[in-house]
Structures are given as structure tokens and as C-alpha cells.
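Order of writing sets the chain letters: A, B, C and D. Residues in each chain are counted from 1.
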Amino acid sequence: MSDKDPSLRRNAPRLALHVPEPPFRPGDTPDFSGLKIPAAGSTSRPDTTAPAAETHPLATQLVRVLGDDHKAVSPWDPKLDADTLRKMLRDMVTVRIFDDRMYRSQRQGKTSFYMKCTGEEAIAIPAQAALDRDDMHFPTYRQQGLLIARGYPLVEMMNQIYSNKGDKLKGRQLPIMYSDKAHGFFSISGNLGTQFPQAVGWAMGAAIKGDSRIAMGWVGDGATAEGDFHSALTFAAVYNVPVVLAVVNNQWAISSFSGIAGGERATFAQRAVGYGIASLRVDGNDALAVYAATKWASERARANNGPTLIEFFTYRAEGHSTSDDPSGYRPTNEAKLWPLGDPIERLKVHLIALGEWDDERHAAMTAECDTAVRAAQKESEKLGILPEQGKDGIETMFDDVYADVPWHLAEQREQALGEANS
Amino acid sequence: MPTMNMIQALNDAHKVTMRADDDIVVFGEDIGFFGGVFRVTEGLQKEFGHTRVFDAPISEGGIVAVAVGMAAYGVKPLVEIQFADYIYPGYDQIVSEVAKMRYRTGGEWTMPMVIRTPYGGGIFGGQTHSQSPESLFTHIAGLKVVIPSTPYDAKGLLISAIEDPDPVIFFEPKRIYNGPFDGHHDRPVKPWSKHPASEVPEGHYIVPLGKAAVVREGEALTVLAYGTMVHVALAAVEEQGLDAEVIDLRTLVPLDIETIERSVEKTGRCLIAMEAPRTSGFASELAAQVQERCFYHLEAPVERVTGWDTPYPHAYEWAYFPGPKRMKKALEKVMAD
Amino acid sequence: MSDKDPSLRRNAPRLALHVPEPPFRPGDTPDFSGLKIPAAGSTSRPDTTAPAAETHPLATQLVRVLGDDHKAVSPWDPKLDADTLRKMLRDMVTVRIFDDRMYRSQRQGKTSFYMKCTGEEAIAIPAQAALDRDDMHFPTYRQQGLLIARGYPLVEMMNQIYSNKGDKLKGRQLPIMYSDKAHGFFSISGNLGTQFPQAVGWAMGAAIKGDSRIAMGWVGDGATAEGDFHSALTFAAVYNVPVVLAVVNNQWAISSFSGIAGGERATFAQRAVGYGIASLRVDGNDALAVYAATKWASERARANNGPTLIEFFTYRAEGHSTSDDPSGYRPTNEAKLWPLGDPIERLKVHLIALGEWDDERHAAMTAECDTAVRAAQKESEKLGILPEQGKDGIETMFDDVYADVPWHLAEQREQALGEANS
Amino acid sequence: MPTMNMIQALNDAHKVTMRADDDIVVFGEDIGFFGGVFRVTEGLQKEFGHTRVFDAPISEGGIVAVAVGMAAYGVKPLVEIQFADYIYPGYDQIVSEVAKMRYRTGGEWTMPMVIRTPYGGGIFGGQTHSQSPESLFTHIAGLKVVIPSTPYDAKGLLISAIEDPDPVIFFEPKRIYNGPFDGHHDRPVKPWSKHPASEVPEGHYIVPLGKAAVVREGEALTVLAYGTMVHVALAAVEEQGLDAEVIDLRTLVPLDIETIERSVEKTGRCLIAMEAPRTSGFASELAAQVQERCFYHLEAPVERVTGWDTPYPHAYEWAYFPGPKRMKKALEKVMAD
């Protein structure tokens, strides 16, 4: 009863704090045999107009299309034509080559920082393929694939990475923090999570104006812990916003595994259940599944049937960034042992299984992509690399703080120019 | 010309701009059907409909975040944070996103929006309904910070803010929503209707951002103030019989430094009044600038009259508020030296 | 496919923003016949050691114990003895009288502000009765019942409300922002939601130290939208924290109905599902159900079986505070028509049905409570009412900003005293 | 005596205090197994176990909020915010809860805790890895704000902060984690081992909060600085051959005003150096106070050397950072008048 004497629970167990630990640490041999991976095709596909609750069983399953036999076997099969598949494959190969070249550039001291998306190429590219050209993305730094899928010039990306004279962001942003309105790619923020509710706001604007363009927001597994994640789901649910909200669960957030973001107790897709939002959990290394799920959610949004949260389940195959060495916190061979495979390889083998591709064509295409990336790099480096920057155009530092330069910034500009010329 | 209090003037600024510009969207906690806890948005939902005027979840972070998205889309958010004391959950989105967007994108994405919020003490609101956090926004490059002190200015400045291409944090001195409070809390409340600046033109007009108002001319010293403190300062210099020049800053960023310099060069003495806590408040910035720019004209140190470096204590409203006595002491000091 | 021409969706419907509206506005006659209220006893009771998922069906049901016949009919029946029931009833009556007196005091100008919990008395009091004396609450302003249930002196509460000489908070807090460590009642914050993750932090501390005391956090339906709500659930889930998290869904947040917090799409109890946290939804006007659910959750927490989110479903029968007039946004008779009834009446009738109470005893007890409240009020007012405060003790304004008074506050104290004496 | 860089010194402060006090709990993003992105918490989880040293979700608001609850419970949180640029999601809990708890409860609940965070530029970190937001915390009554500039001070100040009964925001100048950077980015990096303050005693010692250090004595002018700027200032006055007194503030709040006053009264000239944006930065507070208190000793306006009122632009690291050239100009100015 009330005011019970605490001594009554003299025998209560001592409370204990559970601190999640990843299954494997450096020195361990990763064993993923315990991981339940539903067979491709085992997941049903609700109608895009279905009540959100009908999708909720999918939050603990895994939408997969590419089967072990490399055939598409699923009600989710998007039945894409071979040209589309080849375009996706090519974009994915381009991203991987691009990542490798730019990583190397950073190592050569040509810029300060770089981030790869290795192992996650099947996420941004098919997702973008499923959206329309003028839908708006609110990406994180690991969705470079969106730009490549939309044909943003590689040289523009590199100019940004080098902060060089061609950089439309005027040398102001850390490498890879791209922005391009014309390609429907919102400015990447260094502040995790901020873009997720912004995507909802953009789509609210579209809904207010009776537009037909939708928004897609992106966030990592780790960043789902930010308050902004909750803002996004709350506003999306309240106003039934035409937005697709994607969590890229690559199982790591720098050195923290997804358990530190709550992944031990529920999937990230399940978060949606509590808001009454539709929810899908998808094999993020399966380009067809990613396409199909994004397509489903975009159709749902576009028909005013509401938002969808999609978890793309994948694995961050390399370090967090050029500042990170993952061998300090996880086994070095974990990436290779990751059972959902290499997304590029899976799509390639599927195309081969369809009779629409072969190793020679793949090698030729890869060589073409490599050439294109190298050519772009050459062109971009003509416009300069980071160590050469920051001397010219000092007056531009004071532009764009406001629409006009107020007196105090004009004064500071004078000072800065004086310094530069002294 | 209609006579309005500050709430009516702000309401009217919404109507005038919203009628002219379909892209303006208004949201915030309790601002829809109910018209806001201070009634500033009264009648807007009825006139402009649910999709342009609506209640928001209690999530200041979310409110600012979706405003960012909306501005990116191309509508113009005009949002209310119910009390300035509750703006902090939105601080990250304001500082990291709203303020920096134009810069970090080289001008590609801009954030024209207005974040309105009532601030300041004098209403026995306790620690969480009395704060003056404006200084925290003046440190953030990319934001404009505006504070009106009369109904006329409130409407004209809010229209300017709404029409401005940059994000504006618009602080409303809630103590003077209904009347120009001069700090004498023991005297009867004066309504706005007796004040000339309650005559508010109908329709569109602006008070430009970045322009201070010399609300009283004088030769003996310069008083810099904004919001409620303008009225407290005016009353104090009258009571002291000082030939003071009183400047209502109206915009904190960008600051009207010319008007300030001209005045201090003339008077040689300067007092700055604000309600916010003293340390690192905007009064410090003003003092720093005045002594930098007018050093050889100064006959005495620049003085600051401020709130204390404590939270705002409920029962000690009048011991905290920088009222007539604090003004008097400071005026004596700045004149004595 | 990729880069689809937007003109292809020329016939897509215009997007639309859904803005939730409460079912009834001033002038309407509320009709709650559509509200699904499960019969008492219809909800099963999982074991307190059950996996969280077993509780999730309860997130859309309603734990009720008091049946239409005023008998306790439920696996959730806590089987409390009559003394405990009478103590709860008495506390509930005291709270209601206290609220009425203090509301009146504010109207008489004796203080600046007051907030009632009318219609919600069956929440804090039975919840407290279910916890141990030394568990810690992180309450909102509508849990005054916790203090009364724990025997905190009424006069202390009133001293705080009047900010008078007896106010242990030294006149610094808005009325009703109580704090009392000895009574396990954490300082109420004016900033909504902040206390919810703090409760989790307290319980983490207890778990780190191997204590057996648990924490209970409280939040309103409206405030669940704050990022802090998400922090609370995330940290509680990650570290399996021994905490009970309560959402008091009284369906209103000042003038906004619960749909503006997402209540149209999911229950507040459902939020827990997405984190893998146990979840209960409870008739908040049923003292026995509230007791039983809190007890269940506390046992679960104390045995290291993890956190529980409980939604107490109730109705805010009066204005938000003395600053609010709800007739501006909802029908004035809505409270009376609210079908879950008056919690005091329901408990009283139950006791009568048990043969443990009658109208005379109730009238006598009510009179006693009234006398006690009036006596406390008299005593407190001897120590002063708000309009008389703020003149003495000005030097204390500068205490407790820090443990010691630093020089700059000492200087300001001198100034303030100088002012006061001038 | 062991030679340590600043990271090792901070790590050692953790170990020394954690060995003595079981109640200290350390958490933050990536600080557990991995030891933090700057390695300040390396080895702590191994020595003190998972329940005292653990990774936190990426939720700065949640980190501070649970720290509040833990402090209320009676353990002592010592948390890391990975970069000061990411502290804003925790700003509400810091400002509204941590800072005000002792006050609003009349001393019943206190918030002894330390929030450590690396700040400042000079590492090509771009807009979101270079900020200096310390000024935003100095405006909040109830917080102490501490910034070390050497390994010796880092350990001694951190131990003081941990043992302090009040909440401390502890800013770590990341540019000098590994060596005392004097602003000459084009010269080879100096390691700490060549600097006398890299001699860090083993075990427990403190550098008291609220006490500045006169790191160079002089008669011609006073330079006030903290963090990285201490080293930039020292180098600049040497290069100019000025008989400058350089004061390392070490604690911003509460400020060691006596040391400052004594110096400026002696020298009659004052320059203040900080990396943060100029407007409403802590340098303004210092300038306001110096001119208030030392007005009749001043021979020239108090000068401020600061970052610009823009976000921190990646490629323009050295045009933004207040380095030797900016120092030189300002020194000339303050000496010329």
C-alpha cells in the first residue's frame, strides 16, 4: 500500500544498468549465423492505400527481392527493365570508384576530409530511381549516390570536395557537404538529424501549395536518437505529410554499434508504429528491394495516403570517414563476412542471371566509369585543390551571411582584406 | 487613424502581409482556432484557413525545423514561440540551420522567415515566463534581431521582418503588449490609447530594419534601450530632469551604429538599459562598441543598467526588474563622473 | 524509371495538408457515443516478466478495473484493502478541495497563478500508492496529488503558492512549481518535457549504484511532442532502465486537442512499441486501474525487466490554468459529458458497493478535508500572500545561483540592497 | 614528472578523480570502448567498467538530460559532447535545467557535473567542427565556464571542475590538444613536450576555478586571452617586441576581475583576443567591464581581436582564424592611440 516501507523490498534484486555491447570486437571472429534473414519473397506487399497498421508487421521483417538464385522473387519485384537496372548498376559502380578516388585524394593531402558509402551503394541510387526528377531529398553525407543518379556533374562534386575555384559553395563547407537545388538535393548539414524534420517541412509546404512533388528525408541509425527524429515523425503523423522518411541502418555510428541507438530492442522501422505511420524494413544491399520500397512509399505519399518510414538495413563496410580507423572497435573482417553481400555484385549477378549482362560488359563499363571519374578529377584539380585555397576571394567570406552585407561585416571585410594584403 | 495596442498592431501586420502574399504560413502552439495565448493571431485561421494558419505540436525544435523545410520549399513561415523562455529546444535549428543556410549554400538556399516570441519580465511570470534571451541570438551571424517598443513600430517592424530576405527573430516585450509600462509598477496601468504611437495606419507601411529611433533628443547623455526599457528610460530621464537623448534601437542586429555614434559624440556620456542578465548581454556589446568608437568623446565610463545574473525570481519581480531606482542610480553615476 | 518526367504525373492528385480538428468546438453538442470504451475486465494482464512485445496489444486497449456495476472485475484488480481505498479517496478529495481553494485564492489576488488537476485526481494518488515511499517522481504541474498522497504538509504547498516567508523555494518559483526531495518529488520545471528524460537519468543512477529505488517520470499528452520525450524513451530502452514513464493524456494541451500531438493516428501508449518498451493504456479515471498498472510497471522495473510507458487516458475537466478560459475553444459542457466519469465519484461508489463506505461517512470525510485545507490556508496566509512579498530578503535573491556567491553577484547584491533601501 | 600533451592530461584527470570517487560516471558519444574521437577517455572503460564509462546515443539533449537526473540521484556525471558545435541540442537542458536547478529549488537539488567539449578552429573542420560557442554559456547564470590552455592547467582545472559543487562547461581548445599553436600555421607543428606546462604532476592537484594566470608580465599593455589564443597572443607580443602583460583567463565565469583590473590599471591599455564571432562575444563583456572599472586609467580604447561575424568557412581557415596578422594590427592600434 501507499508509503510502503522500503524495507519490505529488502530482498529486491539490485538494480543494474544494461550497457549494450556489439557481438564482436577486434580479435573476435564474427559469426552472423544467428542473424535471421528472411528469404526473398517471404514478405507480403500491402496496397499503397492500406492503413498504416497493415504495414506494421513488415517493420520486423525484411523486404527482399533478389533471391539466393539471383532471380527476382517477390510480390515486391518492381519489374524494372534492363536499361534501368543497367543504369543503376553503372551509377553504383561510379559511386564506388568516385569514393575510392576521393578517399585517395584526401590521403594525398589534396583535401581535408572524405566519407565513403561503400557497401551502401544500393540505397541512394535505387531510391532516387524510384522518385521523380523534381522530388526533393534531404540527405545525409552518405547519399552521394543521389547526386550521381540524377546526373549531377562529378566535377561539381569534386570542386566542392577541394573547396576550389569551381566550388559553388565558395569554399565554405567541409568536403562532401554538397548542395544542389536543381538536382533536388538539399544542403547537407554537419549537424546530425536536422534535415529529417526539414524534409517534413518541405513536404508540408508542398501540401499547403497543392503541389505534387514530395520530399524524402534521410538519417543514419545513430542519428535516430536525436530529438529531430521525433520531430519529423510527430509532424509527419499529425499533418499526414507527403514525405518518405528513410533510416539508413548501417549498424554503426562511428564506433558505436546500433544497440547504442536502441537497436537491440526494436528495429528502426518499428519506430513508425508508435506514430501510426506506415513502415517498411528493407534489405539495403538489394537494389530491387530498395527501389520497390521507395516506390511504394512515394506512391503512398503522392496520393495523400501519408508518410512512410523505411529502414534500409545494411552494413558500413569501411571506416566512418577519413578521420576514422574502425579496426580499433570492430573486427577487420566483419565487412567481408556480412551476409547480405556486396550490393554491386548482387545487382550485377542478377543482370547476368537475366541474360542482360556479362563479365566483359561489366569490366568495360567499370573502365568507362573509372575513366569518367579520372577525367572529372583532372578537370576539377585544374581548378585547384584545398591546400591552394583560402587566399583568393577573401572578400567573398562576408557574402551570404545576409542578403546584403551590413556595415559591420563590411568593416570586417576591410580588415580581412587588409590582413591578406599585409 | 485607428488606435491599437501592440497586440492589435501585430495582428494587423499579419493580416496586411498575409492578404498580399499567399505564401505566408503561420503556425505555433495554440495560435490557430484559439488565436494564441496573447491573442496575436486571433482571427487569422478564420480568415486565411487551416492550411495557412494552424496549431503546432509542442515542439519548438520541430516548429523551427519544419519552418526551415518550408522556407526551402518556398513558402514563408511566420511562427510563434509561445514564450521566449521556450525557444531553447529550437536553438539548434535556429543556430545551426536557419542562421547558416544562406552562407553554407553560397546563397542557393535562403531562409526568409520570422520567429516571433514574447519576452521579458514585469508580469509575475516567474523564471520561465520572464526571460530576455535576445543576446543569445545577437551572437549568431546570419540572424537579424528586432524588438519593437510601440504599436506603430510593432506593426511596421513586423511587416519589414516578414518582407526581409533574411531570418528575423522578433522579440515582443510582453509587458507592454497592452500599455507603455514605465517601470512604476505601483502606479495605475496606462493604456496604449493615451500614447501617440498607438495611432497605427491601416494597411501597409514599414519601419525599416537596422534603423534606430531617437525618441527623445538631448545633449547631456545618451541612453540606449529597446523594448520595455525604452519607456522605463524615458520616464527616468524625465524624472531626473536630464537633458538626455534616448535612442530606441529597434533592431539589435544589424545595429544602427551611426545614430548611436552621432549621439554619443554629441553627449559624451552613455547609459545602456536592458532587462537581460548582465554578463555577456547585448548591453556589453553596445558598451564595447561605444567605447571603441567614441573613446575620445567619452567623459565617463559607459554604464549598463541590466537585470541581475540570476534566474528571474517570482516574488522578487520588482527587485529584479531594472526599474526607476536602478535607472536613477545609473543616471547619477554616468552624470557624476 | 530514374529521372522520370514530372509531367508523367500530370494527373496526380494535388497534395493536401491535413490539419487535425477536435470533434467539437464551442456551440457544438459533444457526442462521445463513437468513443470505444472496452468493458472493465476485458484486458488481459501479462506477467511482469513478459517480453515487452506481449504488452503491445494493450497499447490500443484500456486497462479498466471498475465495472459499470462499480465492482472490481478484471485480472488487473489489485485487490486493495478498504483502508487503502479509503486513504486514496480521502487524498483525492483533499486534492480537489485544495485545488478549489487555491484557485479562489488566485482569483482573489492572493497569488499570480494556479493550476488544477480536476478530473485527474485518480492518477497521481493511486500511482503514488503503488510505488514505495522512497521511489522518486519527476512530475509535471498536474501531479500535486503525489505530494498529498505522500503526506507533504498542505501548508508547505500553500507557502510555495504564495511565495511567502514559509516558502522553502524562497519565492523564486511560479506557484505550483513544488520541489521536495524528502517526499521524492523532483523540482517541477516550467519547461515542458524536460523532466521525462531526467527521470530516466535518475533511474540510471540508481541502476549504476545497484540501488533498489526506481523513478517515475510524468508528461502531458501535448508535451510528448518535445524532443525530450524521445530522449527518455531512447535512453530507457538502450540501457533497460528501471523507470516508469507516464503520459497523462487529458486530451488537451491548453487549447490544442490531442490530435495536434499525434493522437489521431496512434495512442500515446503506442509510442513505446517502436522502442521495444512495455506499454499499457489505462483508464485514468479508474483509481484501481491506475494503481494496478503502476504497480505492474514498478514490479517490472524493480526486477530489472525494463521500463514501461503507461498512458493514463483522462480528461482535463477545467481550464488549463488560471490564465485560461476553455470556453473559447471547446464546448463548456464537454467535461460533464465525458463518459469515463468523475474519478472521485467512481471510487466512492465502488467503496459503497463493497459495503465499506456510505454517503454520511463521505460527507464527514469531505468536511474534515475541507477543514484541514482551510486550516492550512489560514496558517500559510499568516506567513504572507504574494502581493506582500518581494520586499524582504532581497539579499537572498543572489544565493543559490552558485554554491558560493561570486564577486559579481555580491556586487549586484549590494546594488539591489541599495535600491531597496533608497 | 611525466610529460603530457593536453589529451593525456585530461585523460589523467579522469583517472585521478574516478579512482578517488566511485560516484563519477562518464558517458558520451563514442567515449566507451573506443575512448572518444579525440581519445580523451581512452582506457577508462577498461579500468572503471561499463557501468561507469559508456557510449551514449547520439542525442546531446538526452545526454545532458540524463546527466541532470543522475546528478539529482547523487552520482556525478562527467560527460563529453563530441564537438562544441553539437552542444545546441542540449542547450535547453543546460540553460533551463542544469543552470537553474540549485536556484529554483532553494539549494535543495544541486547539479554538480562537468560537460566537456572540444571547441575552436584551426583544424580545417569547416563550419561544424570549428565553433567557439563559449560566450553563449557565459550569459547563463548558474554555469561556470572554464577553458584551459596547457596540459598542466587542463588537468588541474578539470579536477577542480569535477570537484566543484556547481555545473561546469569545460571547453577544450582542440587545436592545442597536441601542441601549443601560436597562429603560424605555415610553420612546423610544435609538440607539447617542448613546453614547460607539459610537465604534469602525477596524482591529484588542482588549478583553482576563478583564478586567471599572468602568463607574461609587462607594463605596456594588457592582453586578455584564453584557450588557443593565449599562445597566439604570446607569440604576437614577442614578435612585436612589446612589453605586454598577457593574462590567461582560464575561467570565464566567475571571472578573475582583480587580476584584470590590477593589470589594466598598471598598463593603461587593453587588448582582448578570442576566436569566437565578434558581436556579443565574451570579448565584449570583457571590454565593457574593463572600461567600466578602469576608465580613468585607459589611454586608448579597449580593443578586441576576434573571429568574424560569419560562420567558419572551410577553405578560409586562416583568413577567419584571428592569427598573427590580426593580432599585430590590433596591437599597433592599441599602442598607437
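We take it that a residue touches a chain if its C-beta (ideal position, glycine included) is under 8 Å from a C-beta of that chain, and two chains touch if they have at least 3 such contacts.
These numbers were taken from a predicted model, which means no experiment stands behind them.
Sorting all chain pairs by how many C-beta pairs they have in contact places A-C at the top. Across the assembly, the mean Cα position most removed from that of chain D is the one of C. For the pair chain A and chain D, the distance between mean C-alpha positions equals 35 Å. Chain centres here are Cα averages; for chain A and chain B they lie 41 Å apart.
Residue positions of chain C with contacts to 2 or more other chains are 16-17, 19, 170, 172-173, 177, 189-191, 203-204, 206-209, 225-228, 230-231, 234, 238, 260-262, 401, 408. Those residues of chain D in touch with two or more other chains are numbered 51, 56-57, 59, 61-62, 85, 88-89, 92, 96, 103-104, 127-128, 141-142, 253, 279, 308-311, 313. Residues 1-6, 8-9, 12-20, 52, 80-81, 83-84, 87-88, 128-129, 132-134, 149-151, 203-204, 206-214, 225-231, 234, 237-242, 259-262, 264-266, 270-277, 302-304 of chain C are the ones touching chain A in the complex. Only residues 136, 138, 168-170, 172-173, 177, 179-181, 186-187, 189-191, 194, 197-209, 215, 227-228, 230-232, 234-235, 238, 399-403, 406-408 of chain A touch chain B when the two sit together in their complex. Of all the residues in chain D, the ones that touch chain B in their complex are 61, 85, 88-89, 91-92, 95-96, 99-100, 103-104, 127-128, 135-136, 138-142, 253, 276-277, 279-285, 287-289, 291-293, 295, 298, 300-304, 308-311, 313, 337.
On the side of chain D, the complex with chain A involves touching residues 29-30, 32-34, 37, 50-51, 54-62, 85-86, 88-89, 124-129, 278-279, 308-311, 313-320, 325-326, 328-329. Listed in rising order, the residues of chain A touching chain D in the complex are 16-17, 19, 21, 25, 112-113, 163, 167, 170-175, 177, 189-193, 222-223, 225-228, 253-256, 260-262, 323, 328-329, 386, 389-391, 394, 397-398, 401, 408-409, 412, 415-416, 418-420, 422.
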